[in-house]
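One chain, chain A, links the two complexes that follow: it is found with chain B in the first and with chain C in the second.
Take a look at the complex of A and B:
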């Protein structure tokens, strides 16, 4: 177990480095720069700014400088929000995004697994078909449709929940989290049902039945854990989906999360800001995949080997 | 009064009657065995009364005074949990993968309602079924145990709640030949010690004859013949029973007449195969070390060993479909290069046939295309018209007709599928066939007909054969000589009958005892 963690963390470093370098050069390939406004700046001002931020140096050297600063924990200054460093901006946005994403994945797991379990038990009956249809719809609807629809219904018509911003208490979180969790919970429900359908046909379930155990015990003690293996492998990609999905949801609900800086940073060619957010996202996704692997090992001890 | 009695039972699944007129009786302390080919309804007859199949049983079934036909869900659970223990065929999959051995044994011991067993008691149960280091194993997950060890755990779990009836559905078929005897002996011992009534299901007559008091022979959902084992085996009344007896190869049957052999065709010298250890561990696994053997023209050579002995790895290396780390393989004196460097003409000389016939045929392809594929690759110059004729000829050689051409593999029985696989192997006129457990997955009747087919092919085509198996008795029906492997090395080799009459190595003695 520890060996797995150590090995994964070791491979994480080159992975991160590759992601950072790829984003660095791809971003520079895109036309435009951080100091292109509506009215062009005088050439000497441009040159002075470029020099001040080190953008006049050769690309390889800039990449080297960026990475070596990053190793020391310095994400560099923002080129557009000039009074802030990237670290400060990230520190503002990250807690909101993490809360949003974390709650969304918990909610999605809860809804998805319960719905999938119920559907598997009712296999072939009306409840099963209804749940699976609903799961398909939930998976297919993009957050930029469900988000505004929720806001319209619960916010504007019923007036129950705040439509925008981070107001008082926790009520502002409900709609963004639900909008974010819906597609993921649909996918998890389908995976859970399919997993259970496979596992419940297996020999060890017959052994459990032969012991005269009650159905619920067979389901939860012998069936559910191996059935969740596909769900665990989906968690890594799902986390990536939630982080990128958060960009849309944060915009729809006007939340000052990381997503906003990501989008604006990209539009403004705010190189250090975008790179900072990309690095952070990548690290989170790698971490989440590791987490998924650990869950994997718990679900099925055979995965712990090799 | 029998403890478990079935009278005139019929079983249907989805309105289709699969079993009828079955009578079974099991006495305390005795063993009744049901023998039959796959599809004969033997497992169905055993498991359906307990609601463990999708089937519905009718007739009269009583277990220790409980009427299982009338039983409601509660009584049925009681019959399963208190009165009966089950051992299934596949020890690899019959245990829950994410629960430790201890947890599963605890569940089994508590299924009839007694309080939790202590760790010491659980360890004792494992020791009783012959597992060493019992205490350590309680914390292990099933995948850490070998097949034989897992089957012992299954048996410990099946008797942990002191049932009156033990139902063992093919308890040894998935195990290594040398283990089968040990597991059957353990079941006998426990049966006598506890006065258990045992209902045993098997496709293999030889494996039950020394253990069962009563024998029931089933075919196509009906009982063919039943009676005390001794009288049934010495004086079978029905034609089917006689054929079944003749099909199971026995070492005491007369030696077959085999054809003359010619010059040395293939020679292997100092063959070794090593694999890197899985994961990040260092070192190599030596699957095969320093093996030398030869096969003559028209000769059949048996490579015999238990699982993990390296026999399949050796066969693959010779056939050029698996790695060869060092050593030379010569064909009529000329060295054959390693697998990727072999030319098309060299590949055509040696063709393989595998154990699981259904899995070795592409389920999306028609039989016509499956059999034609080797010609397309090995003899691309042959025209389509001639190719069709060759495919038809190969099918005729394996005694299948023209109507098989457009069948799909899923519609074939195991025996038919293996015939198609053999047709595919012989269609491009090879000189040597490498058969890896080619009859092991088949029922005895089907397996013996495949052996007959192989002998016929060998004679008509002067084929050489390498017959890889764990079953010496079957190998004897086909092979001139034998090579016995253990842990990747040759422990004994020689003329088939001489080795059987006077085995030197312990491995050989064990394999012969298990046949």
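Take a look at the complex of A and C:
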């Protein structure tokens, strides 16, 4: 187990570095810069600004400076939100995005696994077909449609939930989290259902039945655990999907999370801000994949060695 | 073809119906998608010649829906084809050569799977301007991974079959074997996954357009229409419900049909 973690962390560093460098050079290939405002600045001001932020140095040197500062935990200054460092902006946005994503994945796992379980027990019956139909529809629901649709229905028409912003209490979280969780829960329901269908046909289940164990015990103790292996391997892509979804949801509901900073930063050519957010996203996804691998090993002991 | 005519392939027929409407309507309607009717701003449905009314600057909703659907589906099909070509080339090469090459090529695919790829695409869009060509090249480059994995698996399995070994023994060059003997045999599976790629691509395209990074005005797409509708939903909810509903219907139908095809072939 420890060896797996160590090996994963070893490959994580070069992967992260590759992502950072790729984004760094991609962004600099672009025409336009962070200081092109509505009115063009005088050339000497431009030059002074470029020099102040070290943008006049050769690209490789800038990349080196960026990475070596990053290692010390310094994301650099934001070029557009002039009074803030990227670390400060990220420190504001990260908790919101993490709360959204974390709650969404918990909700999706809860709904998905229970729906899949129920469908598998009812296999072949009307309830099974209905649940699987719902699951297919749910996976095809894009957050940028469900988000505004929820806001329209529950926010504007029924007036039950706040349409935008973080506001008081926690009611502002409901709609963004539901919009994010829906497609993921559909996918998890399908995977759970398919996993259980295969597992329940296996010998150890038949043995358990032959020994006269109660149905629920067979289902939860012997059936569910191996059936959740495909769900665990889906968690990595799901996390990536949630982060992308969060960009939309944060835009739709006006939440100051990481995703909003990413889109704003990209549009404004705020190089350090975009790089900082991309780095964080990549690190989060890598961490989550590692976490998913650990769950995988717990669910299926044969995987621990591999 | 006969199998497709069966009644339970209704999702496919819904998609065909939407495509047909998107192609025919612009020729029949009295309004074009970018034409402004100054006398009817935010007109309700069924007012005069505007069947679904007009948007916040007086453009005919139905005409815009048809035009947007056309752009979205064109981009989707083009990008799905890009992913098909890249995926087959990559997967077939890895599967055919095998060994170390296969190992490296598939590790690369695994690594890309775990990346926040959407973000690189967003960066690409911001950086290289927002041309429609780039939109589908960018999306195609993201969506080829699954295709590559599937094709590789198929090629690995086929490689050991007697008719391939026979072709090799007879001295056919690898490229000929791949093109003549392998590709026809993986066409079914590839088609199924192509079918599943299309809704993925529709989703990505609309996502980019929704953020204002995809297709640009005066062109329109379902994503842009959803965005416009969302911005104006407190005044005219129809603007959100029509493109949003159509998008969901298309995505659901394509997904159901794609999954069915995939289950048949695997």
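By our rule, the second predicted complex is superposed on the first by the 306 of 306 C-alpha atoms of A that agree within 3 Å, B and C clash if a C-alpha of one lies under 4 Å from a C-alpha of the other, contacts with A are read in each partner's own complex, and residues count from 1 in each chain.
By our rule, contacts are C-beta pairs under 8 Å (C-beta built on N, C-alpha and C of every residue); 3 or more make two chains touch, one makes a residue touch a chain.
What you see is a predicted model; the values in this text were computed from it and never measured.
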Side-by-side fit of chain B and chain C on chain A, or clash: clash
Touched partner set for A:247, first chain B, second chain C, both or neither: second
First, second, both or neither for A:230, with chain B first and chain C second: neither
Partner chain in contact with A:266 - chain B first, chain C second, else both or neither: second
Which superposed partner A:210 touches (first chain B, second chain C, both, neither): first
Which of chain B and chain C A:256 touches, first, second, both or neither: neither
Which partner, chain B or chain C, touches more chain A residues: C
Which of chain B and chain C A:297 touches, first, second, both or neither: neither
Clash with chain B (superposed arrangement) - responsible stretch of chain C out of 56-64, 74-82, 128-136 or 164-172: 164-172
Chain A to chain B touching residues, read off their complex: 3, 7, 202-204, 206-214, 221-222, 225-226, 299-302, 305-306
Interface residues, chain B side, partner chain A - complex: 50-52, 76-82, 84, 86, 88, 90, 93-99, 107-108, 111, 141, 143, 154, 157, 278-280
Contacting residues of chain C [partner chain A, same complex]: 111, 113-120, 122-124, 126-128, 199, 203, 206-207, 210-211, 223, 226-227, 229-230, 233-234, 237, 240-241, 244, 247-248, 251-252, 254-256, 259
For the chain A and chain C complex, residues of the former touching the latter: 15, 19, 22-23, 26-27, 29-30, 136-137, 139-142, 144-145, 147-149, 151-152, 156, 236-237, 240, 243-244, 247-248, 251-252, 262-263, 266-267, 269, 274, 277-278, 281-282, 285-286, 289
